[in-house]
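Next, two complexes with chain A in common: one pairs it with chain B, the other with chain C.
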Partner chain A sequence: MTFVDLDRAEEEVPDRSVAPPDRPRDRLRRRPLGGPRWVGWAFVLPGLIGLAVFIVLPQVASLILGFSDSTLLGGTQFTGTQNYVRLLHDTQFLNSVMVTAIFVLVYVPANIAISMAMAMWLKTRIAGRNWLRVIFLIPALSPMVANAAVFRLLFQKDGAVNQALAAIGLGPIPWLSDGNWALVTVIGVSLWQSFGYNMIVLGAGIDSISPDVIAASRIDGAGRFRRLVSITLPLVSPALFFTTVLTVIGAWQTFAQAYVITGGGPGNSTMTIMLYLYQTAFTNNELGYASAIATVLFVIIAIFTLFQMWGQRRWVHYD
Partner chain B sequence: MQSRLKNTRSRGRVGVSFVVVGVLALGLAACSGDGGGTSGLEGNTLKMYTWIGGEADEQQWSDYIAGGKHADPKVAVSVSGPPIGDYYTKLPTVMRSSSAPCLVTFQNGRVNPYVEGLEPLDDLAKENKLDLSAYSPAMLEQLSVDGKLYSLPFNAGPTVILYNKKLFKDAGVAEPTNDWTIDDFIATAKATTKNGVYGFAIGQGSNPISTLMAADGHPWADENGPKLDDPNFHDALQLLVDLSNKYKVAKPLEAGGSFPDIDAFNTGQAAMEMQGLWDLQHAQESLGKDNVGIAVIPSKSGASKGFIGGSGFAITKTCGDKQKAFEAIEAMTSKSGLEYVTTSQASVPARLDALDAWSTNVGSPEFTAVIEQMTANATPSPVPSNQAQLDTLLTQYEVDAFSGESTVAEVLQQVKAGLAQ
Partner chain C sequence: MTEQRLPKSGPNWRRRGRAVGFAANTTVAWLVALVFSFPLIWTFFTALKPANEVFAAQISFIGSKVLWSNFVDAWTEVDFGRLLLNSLVVAAVSTVLTLVVATLTAFAFARLQFPGRSAIFLLFVITLTLPSEVAVVPLFLGFDQARLADTWVALILPGLFGAFGAFLLRQFMLQIPAELEEAARLDGASTWRILISVIVPLVRPALSVTAIFTFLGSWNSFLWPLIILNSSDKWTIPIGIAGFTTQTGTQWELLMAACVMTIAPVVIVVAVAQRQLVAAIGAGAFGGR
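Moving on, here comes the complex of A and B:
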């Protein structure tokens, strides 16, 4: 972090009468606030305290607790790497990693594809497209728990979805009593909830493409597919990268949908890592073990994010 | 060189700043803790954390506090808390927080995982000369861990069959008698299953299983935990599955949700449910006071035994005035306090000497007969320390038995494996 050297600003301009026009950096150094260097720190201190209290300290505490047998109400004893060794043999945890990985693999590409398709559709001259944007964004603005509770009712064996299917001679589908269908339900509800946000971000990216570039490509004879592949996607790639990174992180942390709609069942077919962590901490009262799970989840997300940061050089265009 | 020196200094300053911020943050965190002296109180008012799922729960706690005031005018208690579905998961965090309450509440069998944060009540009872023999012995046993009492019970009703009298009448079915068998129960459920209404609503987790086992005199758990290998455990779960899949008199359990049985019964979608009497009030409010009947749990022999359930008040270890807290829960569970509560609440008082008032104010002769049979002839059932975990696993895995994905035996093996882990 760099702060403006206000004390030396005067020294660097020895003769004001002949001084050349300020460079942007010098103008910054001579802000009228004046005062010593600590003023800058004072401005950022509240933010730093917030960062330390709400981000850094809990992370460090979780990391440390992961090496203990801490319970929510009892004492804490250092147990070394015992929790991590246990994780390697915990079939429920390994299952939760598998379930979450399947969720990520299906949900992220589907989310980005739907968001991109919707953003491109709303770029066309359709009536009321601004209203449609708002309507599609509403699920992202409403609480996931409330949405999930409603979907749970809709997807019950005798719920509205199966009744609608029955009306056209289909179903009933065991949305909440078959493991595979339950995961499909959780993924579907998650997509419905969150595509609106990515759609807005990607829409903004598409809107920023100069019409001249599109016009030039048309003159050069590029068809729709060519324009999509060679013009739109490369120019919207920074927004795509941003949404992909955040969507992957969110997908690994999926909790509310599974918690409210299926409770991790049937069996453990929808037991995500976060839900298993929650049950470990608050049902089984094993805070230390849950902290170890949290640390592993953090590492998984960090690896995926770093991989994406590294990979962006190959497909993200900032020009 | 100068530039490098500057960079080093700059990094040093950033490092020092982070350390300062960390120390400040720790200081803030430490300062946010309670002084300890008046922890759990707001002035003279004791803070109580409990389950509040709506107006009915709010009214219930208000009535118990009013009952306490009736017995001891000095009693002052304020309540807060989440719905029952979230209560036990939030409770440890709340008990450990700087704003921990003085009083908390427990249902039977849920005390065990929380005893490290609770004050044992035996010594306080002795100091205050409280006669514990006035309370339901079954409830005192269920609210004790390793011989120490952690909670004073305020209600102690057996689990019973609640039934919708109107649906029985519409189906032309006779109301249950107190010697009915499992076969009678199935026949009744078949007869009341019509017009989109199921005869019975199945509950999740261990409670329906433990209740069915208890009806035939089989404890569902011992000091080693739930008896998952007991054939009676298997038979009880198999009966529940058969009610749905074989007899088609109940909706199969699906993943997620909580209390599908209560939802179905209280909205008239099922003619019967197996539930603790604590739900009687809710059912009467939803279906009409005279429209809800109660019956003993059906058994194989026809001589049904009860499975006692109820709730109690407990004092947190961090409470700043434990004597005041004890006086409050003593008043709220006193004879006059609980008698006062029976004027507005249907739950059965935990004190045997307040049962007459309950019979007068809430019950009818048929209610009293059921309560007496179930209470007098209860199957003692210890409470395993991992009951919450068991309920979570059972709720997840039993769905597979209802869907036909697994057999009951396989489900119990999966639950057993989950508990072992």
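Moving on, here comes the complex of A and C:
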């Protein structure tokens, strides 16, 4: 569930290099279980090399490229902090940071709240709740691009959503042609697509609460609200922390929704950092400058993650 | 199950109240699910409409004609057959290779002692929090330098080494009693033999869940294929769909037919393997997406 659990599991591994002295296991003592000491390396090496080359190395290279004016065919010259000075005056970039920050600040709390509420609701008595769980999970495991294409149709000026609104005497709402509404639409489709996943993770967290604790609180006369605040939320807090950290990391990297539904528009109102990075690198062929954007995004995500890890002591309960 | 808490006897009104509450709760929940599913239901019905009725004045699910031929047209107009084949091949190859790498890694972490194991394990844990999409530019440059841009090798390689599958398999392998392994070793089995004949058969459920997630991950993947693939004969489904939507004068009914054919396999897989998938997600094995 959490990194802490992984550490705990680590302790459960018995130390096989030492055979118990009361058993005659000469052969094992000569060759400890697991073979010669280098055998483990042989097994871990493919994964380790792949991790180093394709996951760690690009992060480091991105940091270095950020100090260059690299282009695809034009070679690479190091230009010091020039890219970063330019970023400070790049209104399109500053706008994309703003847009993504708004996205994160609305999307993440809404996602966690909806996921938690739905997870708790699906623990109540409902006929066919396993199938409901599947229905809510399906968009999260479907291609974002297909989901986004569907929403692009629904939210057209004369699409189904505005037609439904017209039927009850409302609208039409300029979902995709007005900047603010376009951002609302992109946040909406992101929530629709993703909450089912966190709902399952939090549901598992709720399941892990001992029924005895709930029963005891009932006997002590705790009402529904009291149980939520004093029992459920504290005991689910490790799962809440885990999902929040990963949801924030994902939200800062939002790309496909904006790319497909609005293309960043109208007027850059849905231009996320990743979309601006993509256009800078692969439309404008400014790979060095795009890497500087990547570094800023990396730092933003790192700050948010570290801040949450620091803050977890105040609200996350491990027992 | 909470059903068991229902009192077998008790005041009649109370039982009836509970039954009404149960019915009301169920009804509301399924209504919410219906509204939630509306976009996908609408997609299906739009895929069957004549082109000029996609934006009809009156909202209606069924057009004047039901055109199953839209699915055939999508196959030719969007070249969906090619996209489907590409996506299937890429996802299948990715899945097999990921399983091999993840199994070896998990086995080393769970069952073998070697110098530096804790440090390497920590490295794997840390990479879980790295924002991977941020580093696409150097990844692209690297493959371009190696003259591998616009190939499936470049498309598949970076996705093989995510640590989540290894972690899930490791958790399962830790639960296998050491006696089985010791017995096999006393019978003269090599480490490799133990992995293949003892460990792998025992973690088959975890392997199939990892396979499903890897397959879906590849099936859904968008940003990296968009960057690395140039020629349209190598595109996967998401790239084809995205390219289709950004053209002017979108043929919505064909696009929706393509979306139906893209999402339907996911729906089937999730419905069939729901128990295992929910358990694996609940274990936090695959992180947020």
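Note that in this section the second predicted complex is superposed on the first by the 284 of 319 C-alpha atoms of A that agree within 3 Å, B and C clash if a C-alpha of one lies under 4 Å from a C-alpha of the other, contacts with A are read in each partner's own complex, and residues count from 1 in each chain.
Note that in this section a contact is a pair of C-beta atoms (placed from the backbone, for glycine too) under 8 Å apart; a residue touches a chain by one contact, two chains touch by 3 or more.
Since the model is a prediction, treat every value here as computed from it, not as a measurement.
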item	value
Combined model on chain A: chain C and chain B, fit or clash	clash
First, second, both or neither for A:Gln308, with chain B first and chain C second	neither
Partner chain(s) touched by A:Val201 [first = chain B, second = chain C, both, neither]	second
Which of chain B and chain C A:Ala140 touches, first, second, both or neither	second
Touched partner set for A:Pro46, first chain B, second chain C, both or neither	second
Touched partner set for A:Ser237, first chain B, second chain C, both or neither	neither
Which superposed partner A:Asp158 touches (first chain B, second chain C, both, neither)	both
Most chain A residues touched (candidates chain B, chain C)	C
Chain B versus chain C as contact partner of A:Gly263, first or second or both or neither	both
Touched partner set for A:Gly250, first chain B, second chain C, both or neither	second
Touching partner for A:Leu72 - first (chain B), second (chain C), both, neither	both
Segment of chain B intruding into chain C (one of 56-64, 74-82, 218-226 or 236-244)	74-82
Overlap of chain C and chain B interfaces on chain A (superposed complexes)	1-2, 41, 48, 51, 56-57, 72, 152, 156, 158, 260, 263, 278, 282
Contact footprint of chain A on chain C as seen in their complex	2-3, 21-22, 25-26, 29-30, 33, 36-37, 39-40, 42-43, 46, 54-55, 58-59, 100-102, 104-105, 107-118, 120-121, 123-125, 127-142, 144, 157-158, 160-163, 166-167, 170-171, 174, 178, 181-182, 185-186, 190-191, 195, 216, 219-220, 222-223, 226-227, 237-238, 241-242, 244-246, 252, 255-256, 258-259, 262-263, 266-267, 269-271, 274, 277-279, 281-284, 287-289
Chain A to chain C touching residues, read off their complex	1-3, 6, 9-10, 12-17, 27-28, 32-35, 37-41, 43-44, 46-48, 50-51, 54-59, 61-62, 65, 70, 72, 121-130, 132-154, 156, 158-160, 163-164, 167, 192, 194, 197-198, 200-201, 203-204, 207, 239, 242-243, 245-247, 249-250, 252-253, 255-256, 259-260, 263, 274, 277-278, 281-282, 287, 290-291, 294, 297-298, 301, 305
For the chain B and chain A complex, residues of the former touching the latter	10, 14, 17-18, 21-22, 24-26, 28-29, 88-90, 92-93, 95-96, 113-114, 116-117, 251-257, 386, 388-389, 392, 395-397, 399-400, 402-403, 405-406, 414, 417-418, 421
Parts of chain A lying in touch with chain B, wherever the complex brings them together	1-2, 41, 45, 48-49, 51-53, 56-57, 71-74, 90-92, 152, 156-158, 174, 176-179, 182, 260-268, 270-271, 278-279, 282-285
